[in-house]
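First subunit A sits with subunit B, and in the next complex the same chain sits with subunit C.
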Partner chain A sequence: MTGKTVVTGLGVASPNGLGTADFWDNTRSGKSGIGLVTRFDPTNYPARLAGEVPGFTAEDHLPGRLLPQTDRMTRLALAAADWALEDAGVRPAEIPAFDMGVVTASSSGGFEFGQGELQALWSQGSQYVSAYQSFAWFYAVNSGQISIRNGMKGPSSVVVSDQAGGLDAVAQARRQIRRGTPLVVSGAIDASICPWGWVAQLAGGRLSTSECVDRAYLPFDAAAAGHVPGEGGAIVVLESEESAVVRGAHVYGEIAGYGATFDPRPDSGREPGLRRAVELALADAGVEPGEVDVVFADAAAVPELDRAEAAALRAVFGPRGVAVTAPKTMTGRLYSGAGPLDLAAALLSMDAGVIPPTVNVEPVPGYDLDLVVEQRSTPVHCALVLARGEGGFNSALLVRSV
Partner chain B sequence: METRHFTLDDLRRILLEGAGADDAVDLDGEILDLGFDELGYESLALLETSSRIEREYGVSLDDEELTDGATPRRLIDAVNDRLSAPADSV
Partner chain C sequence: MTARRVVITGIEVLAPGGVGVDAFWDLISNGRTATRGITFFDASTFRSRVAAEIDFDPEEHGLSPQEIRRMDRAAQLAVTAARGAVRDSGIELADTDPYRVGVTVGSAVGATMSLDQEYRVVSDSGRLSLVDHTYAVPHLYNFLVPSSFSAEVAWAVDAQGPNTVVSTGCTSGIDSVGYAADLIREGSADVMIAGSSDAPISPITLACFDAIKATTPRDDDPATASRPFDGTRNGFVLGEGTAVFVMEELERARARGAHIYAEVAGYASRSNAYHMTGLRPDGAEMAEAIRVALDEARMNPEQIDYINAHGSGTKQNDRHETSAFKRSLGRHAYETPVSSIKSMVGHSLGAIGSIEIAASVLAMRHSVVPPTANLHTPDPECDLDYVPLTAREQRTDAVLTVGSGFGGFQSAMVLARPERTVT
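Moving on, here comes the complex of A and B:
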């Protein structure tokens, strides 16, 4: 089957808003969720800012049996999945179990839970390690827990490709829908703002060490010097168009195109793979560059990577040929959660006729990007979401109104 | 030497600490002869429970005592049998 795959439900947990309504209100008006780390004392670390999801109390959302066996990323994902299903008007108990799948992404698994168990191991001994460590840290745990909680036994998996993973998961969900599963819960939530997760990110060398919340993460700016990490993301309900029509569901938009490429060897001198990913997504959707209303950029805030992304966009769309935005300047980079959160923002842009801004950034003139730095009212029918993962992953997802 | 005794309250505490409680189950109710599956605990929850009993009471339970329709009463009896046995046979 190659019928349309549509999005019918959104569940958002973002540093600048818990829940879709708060997220969108704050995102369209440029309100940032970046601040000093509060989940641990960051005093002795070179990077001290993060985008933390505010106001989430797991006990308010999850049954008691799940609390001892879940990392924060899983708790957020389970709550976001509940919201996405409710938004879609789906009651899983009323749908055959094998007609529903779960495909999420994860960049690093449940780090905070794992840190606690490792500390128990070396300070007290192996008998003090929770039996639930066997899966609570694992990349696939969000897919598994969403599947168990909602009785979803259709094709399910996890995709691990760093920040590109969130888009790759949505594409894999679309494949499963085309193969005949009517409904797949997808998207991604990552959350590893704990000392162990922090040192792992520091070792990657791409974290901003600025302590000024509005100067720390400046993609496409001459002062770009790394990113602020964040937590959260979005869980989405994807369905075959047929399933959505039968249910009479509200459709946010169609997953119309997807392309994924891998970068060449770093010192090969060859062009990075992002341009080809964009072209593949456009070709997959049968869309010309001129039909794209907005690009949600990967926005690495590493000068070399910003240059490469700007070059790819110029090559496909021409100089200043398309509106470009990076609302992740309000959240930090969310790893696998970033793509699905941008996907949610793109779909909400279509509903509202508003492109949310890139905050704090003064774009380098030579990049020739039409960077949206203030909320822009304009019809949005077709949006491209980009994500690059460390290690060479490039993914592009095109969404279109139906 | 005083022999330690393992009670239903001890089991409730350990279950809650290690695996939480099913919201549909009243752990303070009459649970002694209910199966752990009826109480909402799967095999991993029982593994965690057994591990916590072992590190707190120094007794090691067999897998069969945690499966095959195990109930709180059978688990409590098994722990107390070990606690009252001569030390070299534990």
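Moving on, here comes the complex of A and C:
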């Protein structure tokens, strides 16, 4: 056994493309999926733009009995899991049930479903609350539903670490594979574009109030003033290399390294933890900074956070020492879905030899970043994906070609 | 290099019936119950009006008004417990590289109580579905995403290592500690502040459990409402609480002369892949989790001295679990005391797994197996030794604790003395 964990299947639900093919076509060519919110009337809110997943009709993908008991994020996750398994050439019924696990991340659970039931509770009364409220909104629902739909009885888990969680889930999946489970479905899909989720996100104080789709989310730009939120993410199939070889599966790449840290207390004056997370991921993979071909940045679009991310990248890679990109400028920030979607983009970059662009951004010169603002053709063997969560979560995941 | 082993060196519990480890142990070792009619709000319109509430005043525990405002009750409980566990362990975190200290907090339903309250406000008691952002509290985002809980704990103890909330429904409390143990074993951390917290006693939670009749309607007799393994059981009693542990790598703990409560010797989680709320009666997946946890601990079923059961008191759970014990432990299942502390402290969803780990470790410490309260007429299909009503004095070197939850998650953990014979 080589002990390697590889990715063999991708299932994508992104604001700029439903399905891997659409997502990648649009991402490499810089096509954004950000627009005015359509899922509710945003007129009276100070932020009105979002990245919504286009063209998803749940009825086309899922049996009718699942519809009343699932939030949008679960429907997207079940469909994306189907696509990822299909992409990997895995038929779960042919694999021993205990040999397959499910590890996902969530940030706000099935929040839209939860709003519906809170609304029923407070407008009509407790007896109008759905029986499905007992599980449809909670954070564990996507792992549970994916395991049931696909008969997966192996180790399963759910992590919540805001936007960093999606990478933490992939790392936990790798842990389970190292401990002997041959296949783990992982990644994350988040969606809370409902009035209640919107109000909670507004309270976080980091949403852009711009109404101009190409000026609203500008990480590393002098005009950075918050982000556009989005929905979606990616579900991935992870396997031991041994299992992938036995099946003759196409391997996108290896999950080679991971590091996670937490920022110091806000009043401490100590350096944020991102640099350390990157160093841990590199050390875990046995990779030197010079071997990294591209960094998929967290790209918060809050000046203080952009500055900190740029400083961490400079400290590890040197000034303009590595290509940096933020395709999430085309999708908005997807919370726990962001890391897995960037992971998918990183793996597709390796396949295509193309780094997708960061759109609309004119980088602050002082950040000294080699920000990829136009599609760049270059061999990609090793990519670093970063994600930071509100409160101080830092995760770094390194993938490389095998 | 020998494998890194993980031990518990500090404990704090805030459970119904009393704040602190001593009050908790006093309650459960004496078979008293902390279930009562709900006092937090007017529950008169609900089917089930019983709960296990904690009398907890965050100010008394040193939380500032600002901290109290920005934290959901479950976070307040977790932070209080984390500080208590660190005190109990005697560890000097100031002498430790903060990047080597991690945090995991298990929680099934996050900031439910705050979300319920705040929704009422921003929706003007349900009049608006396009809810009004101008009425939102500034820290509403902390309630949207419950990783605010583990962030608060990290700030409280100055931890900068790996940090996450583990949210696997009602097995969160075991899975959080299991996750933390894995991080220490693989070398990602030397110390973990790990546990879980839930404070779900709010109208929305009651309403959804009413809807599926999961909670007991025994409103006329709240003190005996939670009846695991009894023939008259008819649902669980909703609870709240937290338990947090200081976990350390064994040699590190020994080197600083720490009191070692127990080793987290084995842990596993499996899924039933069957139903979000239903259980097959054979308990096959929980049995598999138990088998793997014993295997990881390199122990035989015969070495288990006590089984701390999930024992929620629903019809299906107690049978499912009884089958799982027989399937995994064979004859030894009949010879081992099994008890459910949910009979006394209720079911605090994602928190209870950690509270039950605390009960298991305290059973080892005191050589006393806590009882199953309210067990007068056993269900004929539940035919093991459930330690009815009264605690039992018994040398206890190794405990199996299990959890089962919505989503189909089944978890098992083996706690043992580190100096045990390893087969």
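The rule is simple: the second predicted complex is superposed on the first by the 400 of 402 C-alpha atoms of A that agree within 3 Å, B and C clash if a C-alpha of one lies under 4 Å from a C-alpha of the other, contacts with A are read in each partner's own complex, and residues count from 1 in each chain.
What we mean here is this: contacts are C-beta pairs under 8 Å (C-beta built on N, C-alpha and C of every residue); 3 or more make two chains touch, one makes a residue touch a chain.
Just so we're clear, the structure is a prediction, and the values are computed from it rather than from any experiment.
Enquirer: Touch test for A:402: subunit B only (first), subunit C only (second), both, or neither?
Expert: So A:402 meets neither subunit B nor subunit C here.
Enquirer: Of the two partners subunit B and subunit C, which one touches more residues belonging to subunit A?
Expert: Touching more residues of subunit A than the other partner does is C.
Enquirer: Who does A:152 touch here: subunit B (first), subunit C (second), both, or neither?
Expert: Touch partner of A:152: subunit C, not subunit B.
Enquirer: Mind working out whether A:315 is in touch with subunit B, subunit C, both or neither, as first, second, both or neither?
Expert: Neither: A:315 stays clear of subunit B and subunit C.
Enquirer: Under the stated touch criterion, which partner chain does A:66 make contact with: subunit B (first), subunit C (second), both, or neither?
Expert: first
Enquirer: Have a look at where A:130 lands relative to subunit B and subunit C in the superposition and call it first, second, both or neither.
Expert: both
Enquirer: So in the superposed three-chain picture, is A:165 touching just subunit B, just subunit C, both, or none of them (first/second/both/neither)?
Expert: second
Enquirer: Identify the overlap between the subunit B-contacting and the subunit C-contacting residues of subunit A.
Expert: Correct list for subunit A: 69, 125, 127, 130-131, 134.
Enquirer: Which stretch or stretches of subunit C touch subunit A in the complex?
Expert: 45-46, 98-99, 102-103, 107-110, 115-116, 119-120, 122-123, 125-127, 129-133, 136-141, 143-148, 150-151, 154-155, 158-169, 172, 175, 179, 182, 186, 188, 203-204, 206-212, 214, 268-277, 285, 288, 405-409
Enquirer: So in the complex, the part of subunit A that touches subunit C is made up of which residues?
Expert: 40-41, 44-46, 69, 97-98, 101-102, 106-109, 111, 114-115, 117-119, 121-127, 129-131, 133-135, 138-141, 143-145, 147-148, 150-162, 165, 168, 172, 175, 192, 195-205, 260-266, 268, 273, 276, 335, 389-393
Enquirer: Residues of subunit A touching subunit B in their complex?
Expert: Residue positions touching the partner: 63-69, 125, 127-128, 130-132, 134.
Enquirer: How about subunit B: which of its residues touch subunit A in the complex?
Expert: Counting only subunit B, the residues touching subunit A are 17-23, 40, 44-45, 47-48, 51, 54-55.
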